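One chain, subunit A, appears in both complexes that follow, with subunit B as partner in the first and subunit C in the second.
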Partner chain A sequence: MSNHADPTIPLNMPATPRKVNRWRKWRPYLIIAPAFLLTIGIMYPFLTAVWYSFTNYSLTRPTFEFIAFKNYRIILQDPSFWNAVSVTVRYALGAVAVEMLLGLGIALLLNQEHWLAKALRYVLIFPLMISPVIGTLIWKLMMSPSVGILNYYLSKIGIKDFPWAASQKTAMMSVVLVDVWIFTPFVGLLLLAGLRSLPRAPYEAATLDGGSAWFTFKTLTLPMLMPYMMVCLMFRLIDSLKMFDIIYAMTGGGPGDSLMNFSLQAYFNGFLYLNLAYGLAYMIILWLIVYIISQVLSAYWGKAQKRAVGQ
Partner chain B sequence: MASNAVRRRLQTGISSILILAYFVFSLFPILWMIVVSLKRQSEIFTTRFIFSPTLDNYMTVLFGQNVAGGTGAIRTDFGGSFINSLIISVTAVLISLVVGVPAAYALARFDFKGKNDLAFTFLSLRFAPELLVIIPLFIIYHKLGLYNTYTGLIWVYQLICMPLIIWVVRGYFEDIPPELEYAAQVDGYSWWHVFFKVLLPLVSPGIAAASLLAFIFAWNNFVFAMLLGGAQTNTVTVSALSFLAAEQARYGEMAAASVIAALPEVLLALGIQKYLIRGLSFGAVKG
Partner chain C sequence: MKGRRIIGLGLALIMLVLAGCSGSTVTKTDPAKDTKQAPAAAATGEFDWKRESGKSIHVLLNKHPYAEWVIKNLPQFESMTGIKVTYEVIPEQNYFDKVTVSLSSGSGTVDAFMTGAYQVWQYAPPGYMQPLEDFINNKSLTSPDWDFNDFYPNIMGALRWSLKAGEAVGTGHQWAIPMAFETNVLMYRKDLFEKHNIKVPKTMPELYETAKKLNNIDGSGIAGIAVRGSRNWGTIHPGYMTTFANYGAKDFNDKLEFTGGSDKGVAMTDLWAKMIKEAGPKAWSQYTWYEAGSDFGAGKAAMLLDADILGYFQDVEGGSPLAGQNKIAWAPPPVPEGHSGQVGANLWIWSLAMNSKSTKKDATWLFMQWATSKEIDLQGALQAGTVDPARKSVWENADFKKKLATKPGYYETFQTIINGVTIHFTPQPKFFETTTEWAATLQDIVGGKDTKQAMADLTKKINSMMDQAGLKK
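Right, the complex of A and B next:
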């Protein structure tokens, strides 16, 4: 007696005589229905968003009409758009690069067995739990020219009046700094978990065969850690491309438009200039980019997993 | 032989210094914030770490009285925002649990048409840009009268909480061998009984971890609260920012507000350390 014809019975379940329950056939669908409905509830706004981006919907106009790709054509010729591209990419690359390196470093450091490393593992997570807005507030206070502690210490080593987020030149690094502060623990924790789950056998073999620490790192640790690094990369890259909270809290997009990334442009266009459709066009483009990246990185992650096991 | 021991000592020494350097970077801002929040207005501009602490800033922030004196009292109801955040976050997580745990079970156990697509759709909610959803929701909410309501915000917060709960709890369900369920059912227990009395207790660590994480992310959210909430449904994150907009920047109160806003989750984080990794990475990495 096989149960495979009945999709409600898990595949590996032994064939046992059971009471026939007509209701059972619908069970998985019923169970999942609430979650599914919620998802529909989210998909609906999303689809509306796509639709609106093809119109000139604006809160300043009483009616709106379908204008197809006009919004997109305007955007691609808008210098603000290309500025947004530059800002978004620089922010994401800067933040992610530093977080991955720093995170890997701290994971390696905390993977050791001495008391300091073991104790501080528990404290690693604190910045990550703080809301990005609150975290930015904290750093904004530290960077403040009047009350801030940072400039106080900087002046002691000869750097006077560092402008932090007030100057176009240093604003980017200021927000990236906050991002790094909050999210390095994410990378660190993930990679630490990964390190601690690596098999011992290859390492023992390597110590028998001799070989420098760098060599074991390069040929053993790194490839086996790759799947974890891909997960980190995917999450951090996508999140930093979308980042809104930190930049908005820090300078609201300024000074000038030096920090106007995609999300901020969408916010400005949608809520300040009230040109909702145009703002949506920005977000659709961002979403497309994020979608493509998540697909590409997922594929790489799959490959990295295979390589790690094949090692 | 001796050089090996020396080398290891040196290694430990250097790595300790590096670890400490990172943690100074990591923890100093939090500590400094606490220090500033305890300082009197008069001492705020000094950089002394030894001073006479005061709770005035906390009083002002929480109860809206201008205890600290001075000009430019801020008219934000931070205590009210704290309660708003609490109500919204807790309810959102509870609803996500009620909806998500069964869904997680279904995804873990059953094999039905469209299962993987559905699973991926749940996951992709996490990658969606928030503003993409907010703009149409803004319009819809105004039409439906959900703008600036608890219900409206709790609904949107599902976008944050539900994927997390489904994916984490699914992993925990998958860890339970199906044989356990069949054994109970063969013994004559109904499916409901098995689910509630046997399965749920077994996945309760996963549920606890996922709930805490979902709560933290809901608490931390800013954009949804700012754009779809209003004066009555201010959350702690939106409120904190309004301190900056005040005419006279009251740094002590800002710091106190930040500490109050950040404290619940930092404390909660201590409780979920063990289950963290799985939750944060959506099960991609086992904790």
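Right, the complex of A and C next:
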């Protein structure tokens, strides 16, 4: 009689023997075992890092002690930390804002049935295929104030000796430009996929009722596309907050401290100055910031999904 | 739902504790004070290259011409001693990461490694490096031909340190043996100087004026001078520190307080920054050794204030567009006006050191003395351009002198400054931090910040660093 509770077993089967019962009991756990092992593989180094950040572990010292929150206290009082916060936030907001706007524009343009749009869809992903470091080195050469091609063309329109990444005033916009060049295709591609998956019915209705392009965009496209935009925003924001490759390859954090963000501070402290615990404390703080932001954005994403289906 | 959250948190806490427990198994004894280790260099008897035959040692090498010459001659060592040498060559960008991890793991898999003088201040205090004087003085382990006194005493002395932060190099244990080294001098375009009737500058103000004059001379777009400028300790170490020391300025006083913001330091830094702003390369803040050297070799800079060997490598066959055309000349680095007495220079020494955890120290010592022997040094300098050799005998060798005669001013400049060549930095374990911040400050000054204010801010920053590290006396 207990078989009837399990719809996968036919009604006329005899009572199940104990051997099969045990296997069915363990099956769910065996299925999630690989994922569980992976989680341990991720959590173990992370928790080790958290532990080390509460010590004075340094590669130039053979022993280390537990020092509780001392690293964090020192960091929060260090002007370099607050500079890192400013640099990280400015880089992330600058890069993400431009990428979202540009990506949306490109996706809208490529969502047409014109032959050029169809061809350019394939060209769009080229920058994404290059590793960020290689892309940065290419741009570094192009931005070179003495031999770079950008200044060659700028001099023709009257702008002489633009310093690009060699000056504190223009270094930020130079690295943001490289970030935008590499990652706008990511946003564009995701939003293009989103646009192409939107239902046609509301648009046909709007056309019949005589709605303008702007009206269609504002009341139909934008809300329905919002979940995709939230996903892009989450990915790009988290990526930009922890950016290392582009900045390190371009200027190594300089000129001065103008590009010393969290990741670079952690790298310098951990690997050049060999204060591993101090560098890890920087990384833990960054993780905390990214975690909070991703939770907030996730909540908004959920709301946007509900709005997109009209709830 | 709530139950699962509690289980999840519980698991995380357990893993946190486990992770913490595993960390505390790192050795709690200080290797530097470990008296249970067998005394080093206890060997007796006659010296014999084959005394460690059959052993195998592992060496870490930086990707560099000095290392390539040693690797090329390894078969000779292996047949002479019967010791098998395995090695790893790592590009300089990542080289010290590898060395640090190998040494701090305490595993003893690495027997010998290439190092510079500054790294001794990081690796020797925690006991990762083996003091070498017991090996040097043991006649059973050191060949009579090796000749310790053939090395320039200040070069060998730059690798000696007492482990006391703030105490200059030259006393204490011998931590490494020099392979070859670089002094920092002025290199200039002989042809441009002759064409425009320009005198070789001797003082810093003269260098500034000469650089300004040469900058974009004849509309050529050439920079007056190329110097390093990236946000890296390597920007302060060559030309800047050399000139700083010649000005009589000091980086730290004996209380380990930063004194780079003194009047002399500010005066020199101000003139240096002005020179860069008005006659330096346009992308100066991204310039490393590589960009500075290749700009000079490509004819994009009229002068170069950096390692003497950097100009040398531009002048060898295939080194650069200027190679072999007798256009590059060498001169001593600039001094302040009214300076008299010895002109000095900062230096970089690639040297060989021994892992204190090595289990084959005698065999390793045989390798180290062979790699720095008279024959290897001389032939390397003659055939492979492994300059500057650290041995006096090589500089007095007639063939070597003939080879250098093709580099105008190289030999004379070396002889002029050699007695003033040493590490002008004050040894302390936070060297890389303080010097990188110094480079960032220099970038700010070139970017427009007031020199005196910037150096005052740097002083505050470095003093707070030293305070936190418990180093300020």
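The working rule: the second predicted complex is superposed on the first by the 272 of 311 C-alpha atoms of A that agree within 3 Å, B and C clash if a C-alpha of one lies under 4 Å from a C-alpha of the other, contacts with A are read in each partner's own complex, and residues count from 1 in each chain.
Here, a contact is a pair of C-beta atoms (placed from the backbone, for glycine too) under 8 Å apart; a residue touches a chain by one contact, two chains touch by 3 or more.
Just so it is clear, the model here is predicted, and its values are computed rather than measured.
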First (subunit B), second (subunit C), both or neither touched by A:I159: neither
First, second, both or neither for A:W181, with subunit B first and subunit C second: first
A:T48 touches, of subunit B and subunit C: first, second, both or neither? both
Touching partner for A:M173 - first (subunit B), second (subunit C), both, neither: neither
Subunit B versus subunit C as contact partner of A:K140, first or second or both or neither: both
First, second, both or neither for A:L101, with subunit B first and subunit C second: neither
Broader residue contact with subunit A after superposition on the shared chain, subunit B or subunit C: B
Touching partner for A:V296 - first (subunit B), second (subunit C), both, neither: neither
First, second, both or neither for A:L272, with subunit B first and subunit C second: second
Shared contact residues on subunit A - subunit B and subunit C: 48, 52, 140, 144, 146, 271
Subunit A partner contacts - residues on subunit C that touch it in the complex: 12, 15-16, 19-20, 22-23, 26-31, 97, 100-101, 104, 106, 122-123, 125-127, 221, 223, 230-232, 281-286, 300, 429-430, 432-433, 436, 439-441, 443-444, 446-448, 461, 468
Parts of subunit A lying in touch with subunit C, wherever the complex brings them together: 40, 43-44, 47-48, 50-52, 55, 57, 59-64, 74, 79, 140, 144-146, 161, 163-169, 250-257, 268, 271-274
Subunit B contact footprint on subunit A (complex, rising order): 7-8, 10-14, 16, 18, 27-29, 31-32, 34-36, 38-39, 41-42, 45-46, 48-49, 52, 102, 105-106, 109-110, 112, 114, 116-117, 120, 122-135, 137-142, 144, 146-147, 149, 152, 181, 184-186, 189-190, 193-194, 197, 227-228, 231, 235, 238, 242, 244-245, 248-249, 262-263, 266-267, 270-271, 276, 279-280, 283-284, 286-287, 290-291, 294, 301
Subunit A partner contacts - residues on subunit B that touch it in the complex: 12, 15-16, 18-20, 22-23, 25-27, 29-30, 32-33, 36, 44-45, 47, 98-100, 102-103, 105-107, 109-113, 118, 121-122, 124-125, 127-133, 135-140, 155, 158-159, 162, 166, 178, 182, 185-186, 216, 219-223, 227, 236-237, 240-241, 243-244, 251, 254-255, 258, 261-262, 265-266, 268-270, 273, 276-277, 280-281, 284-287
